[in-house]
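First chain A sits with chain B, and in the next complex the same chain sits with chain C.
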Partner chain A sequence: MSDQPLQSDENGETSAFRRLLSSLGEPVLEVAQTIKGIFQVFGLTWYYMLKGRPRWKATVEQLHEVGNRSVLFITVTLGFLGMILIYQAGYQAERITGDLQMLGGLFLQLLLREFAPTITAMMIATRVATGMAAQIGSMVVTEQVDALRMCAAQPVDYLVVPRFIATTIMMVVLSIFAVLVAYSAGAMTAYFSFGLNVRTFVDMSFIGWFDVLLGLSKALAYGMAIPIVACHAGLNVFGGSEGVGRATTNAVVNASLAVVFLDFVISGLGYVILGLVT
Partner chain B sequence: MSPMHKIARTFQRPLHLLGDWAMGWFHHIGGLGLLTWQVLVYLLPWKWNFDGPETWRTMYRVGVKSFPIVVVTAVLVGAIMVIQSGLYIEQYGAHGLLGWGAGYAILRSVGPILIGLMFSGRVGANNTAELGTMKVTDQIDALRALSIDPVAYLVMPRFMAMIVMMFLLVVVGNATALIGGALTSQFLLDVNMVLFFQSVVTYVLLEDLMHGLMKSVAFGFAIAIISCYFGLQTSGGAVGVGRAVNASVVGSAIALFAIDYAITYAAL
Partner chain C sequence: MIRVENISKRHEGRMVLKDVSMDIAEGANIGLIGPGGGGKSLILKIICGLVTPDSGNVFIDDIDVHSLGPTELADLRFRIGMLFQNYALFDFMNCADNIAFPLRQEGTHSEEEIAEAVHQALHDISLPDIGHLYPNELSGGMKKRVSFARAVIRRPPIVFYDDPTAGLDPVTSSKIFILLRKIQTELGVTSVTISHDIGGIKEICDRFVLLDQGKIIFEGDRDEIEASEIPIVKKFWHGFSDDELNV
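And then the complex of A and B:
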């Protein structure tokens, strides 16, 4: 670890090889430490969620904070996403096949499987994870979390559990909302730019139970991962306003990485399962 | 309070909220415009004003330190895109088109925007936090007292470094995403790597790559201006720094999608 001095030879200098090893090992240890901490918070959250008493008021507050206050943000970003994707795809389809009949159906399938949950989660990771890390982080540096501990209220029970429940629920809701927004924006783009009839565009024949299940399980997984990662970053703050800044950065980076990683894992599993089913 | 008063209050409330909201937005848009103007003026050859050594240091901090995150993200994004196109390719049995589907999506849209979001999280948020901490501890005022222009000393180096490094990171990210995609197609989809790369080379145009790189420069510009602006606007201690970082990443995300749309619309 970094707080132990490296062993030095008789001239008082560390050898180049040792320095190389330590520079390689330090990031690995740091990452391992972070992952361990995140899983600790995750385990504690489940423990207190099942054992502790429910905190309805805090949970409803967090539902409002995570869900209602993200609606405008999600509408803007996912609306743009729908327009961008339809532009790119429609342009290609027109150039290569000249047939836009399947555009709407395939777009809906792709939205459900991939883009709606993942991009929504990236947006929630930026908006909500920074907010949580900043809020909990400033509570830590102003010693409010220590005060909670002195009142025999576990910080994880009191702070993390409501946020965990709220984000998990709202992530699913917002993903469904995101599908609607992106699909409507895509339909408008297809109508105004490619002259594609909205009735042709709205085509549900491609989607099956598999797509819906894949999208919802992704949304659920992201909804659990984001608050845990963000609260872990917030609870581990040290050192004043600089520390709060560092914690918010860590929260958004780790949450986005978690989203991308979970996306890879669940997509891969989905591919394998689809291969087994059909 | 008389009942009439109460009714009038109730009707005025939404207008108050709307006005508040609009004033806030216009305040930020005006501030962003002024900062952009200042930066562009300092870029003019006869007003050339920025700190050279600081720019090199910032480039190292911005670029080299974000390298691992960008590489990890890009590999995973490439893999995800290959899996998603693989679901269709399998259906129609057109294995030769796998590289095209994944490569087109990565180079043109998904690669730059996801790397941009990671960049905004890693570098933009960090930058806002740093400038915000300097602001709340009065270090920016101290610079002004020493007659050092904060824009020339703090904003310009970050601006240059972010644009250059965002461009370079997207170049690296595109390459690693294609490698990640090729590995996934080999080991998960059983499509030969060589076939994957042949398909990329055959069907993906140079124009697609250029389109993505153009976006990356615009993203770098937007993230730099927005993160510096919200950093310099910070007030109110540790809570304020957290709030500034939140505003900065939200603003950057909206800007990224809006710019992506504008460039896509303009290019077609």
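And then the complex of A and C:
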């Protein structure tokens, strides 16, 4: 925003049109600034990842933080999701056709293409992105980030790169794990609720390279987007503890929006590519 | 030689620094004093390149600080030590690793050399046994001393101290000023010290700059500041106020 006050008209009053423009322009500029900042952090992260010194210890710590400490959370959420989806789908299928033979196969396809990577990413955005933003934001507020700079360390190199590598790797691993958990939970639900044999449920005939590739692409993209959005929010904290709170909220909101947006774009591109090759 | 030329900086709609210029000669020990919120910490951060001014330039040995890229700026910062007001110790590292961090960043020292330097630094700040402790296990005075050790471990020719005795008791403050004087005598550093402890800053600085509401009100040596008739300088230096308090 410009520091200049809004110009007044002949009557000394700011016109309603100008006020409207200002009220529309401020959030637009803010969003544009945030997107620009996120891409700057993304570019710098790649630069330091390729040119900087590898930080194995910090990366392993982040792998543990993002991966191991999310396992229980992902197991519970994806397990329940698998049960609910199969119960609802099975109930409807039984009412309409009475045939549940394709339930497992179609569920696996849906998990691979959509639910496993996207729901896992939402969970990671909730658990991990907030933690990253709060941790880095606190470091900004307590001048630790300035101290890093004064010790000739680059904050993006030191703080963002290990989190970026760890989240990208763990997003793929956790998405595969999420498929296994949700599918197992779905198989048990199908067996106990509808008496559907597990051998019938486990049906790979619907799965092709496209499903696997689409799921992995999404997991990779989410894994890159979440830490960048979260770290950008943390690095841009101002205003003390209130600012840290704002940054954590921004991190989870922006990371979730990034996941939804990437889901839309990758799915769209995927179907376009599928249409071209088939 | 540090040259600050016509620095202005606006922050959250308020003009914090207004056309500030000053020269800091090599080996000079400058005391930067003035009321809180006058822009003292900000000017140190601008000199280090941590904050970009709205206008003006900063030169360190004729290098324009704000024209440097991240890599060149990092190289320049190898020559600057900074003691932060709020300690700024890395809370995820123990004290030994905090002190060792600047040396590890240089990447030119072996682990044995770093361990030896850290051992010596802890001994110098009279805290030889706290290397394994984390910052949250230390008192305020101990944190300041560890932060001081980290600031000077590389033996930088320029050191900035941002309120080194803020919130400390008189005995600990005295210890900190003894440390500062020792490093100035031993290394002959160029330093800028921000402090509200006039008694302490008198002991370690040879020139004084008073900054109020973003402007330099006074600049001179000890005799000049003692003799100054500028009301705010007299008030601040001698520590009295004729303003009425509405209690």
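Note that in this section the second predicted complex is superposed on the first by the 272 of 278 C-alpha atoms of A that agree within 3 Å, B and C clash if a C-alpha of one lies under 4 Å from a C-alpha of the other, contacts with A are read in each partner's own complex, and residues count from 1 in each chain.
Methods note: contacts are C-beta pairs under 8 Å (C-beta built on N, C-alpha and C of every residue); 3 or more make two chains touch, one makes a residue touch a chain.
Note that the structure is a prediction, hence the values are computed from the model and not measured.
Applying the stated clash criterion after superposition on chain A shows that chain B and chain C can sit side by side.
Contacts of A:Met83 after superposition: chain B is touched, whereas chain C is not reached. In the superposed pair of complexes, A:Thr142 makes contact with chain B and with chain C alike. In the superposition on chain A, contact is made by A:Tyr271 with chain B only, not with chain C. Judged by the number of chain A residues each one touches, B leads among chain B and chain C. By the touch criterion defined above, A:Glu30 reaches neither chain B nor chain C. Superposition on the shared chain A places chain B and chain C such that, viewed from the Cα centre of chain A, they span 100 degrees in steps of 10. Aligning both complexes on chain A leaves chain B and chain C separated at their closest CA atoms by 11 Å.
Across the superposed pair, chain B and chain C both touch chain A at residues 142.
Within the complex formed with chain B, the residues of chain A that make contact are 27, 73, 76-77, 80-81, 83-85, 87-88, 91-92, 106, 110, 113-114, 122-123, 125-127, 130-131, 133-135, 137-138, 141-142, 240-246, 248-249, 252-253, 256-257, 260-261, 263-264, 267-268, 270-272, 274-275. Only residues 10, 13, 45, 48, 50, 70, 74-75, 77-78, 80-82, 84-91, 101-102, 105-107, 150 of chain C touch chain A when the two sit together in their complex. On the side of chain A, the complex with chain C involves touching residues 3, 53, 139, 142-144, 146-154. Looking at the complex, you find that chain B touches chain A at residues 68-69, 72-73, 76-77, 79-80, 83-84, 86-88, 90, 104, 108-109, 114, 117-118, 120-122, 125-126, 128-130, 132-133, 136-137, 188-189, 237-243, 245-246, 249-250, 252-254, 257-258, 260-261, 264-265, 268.
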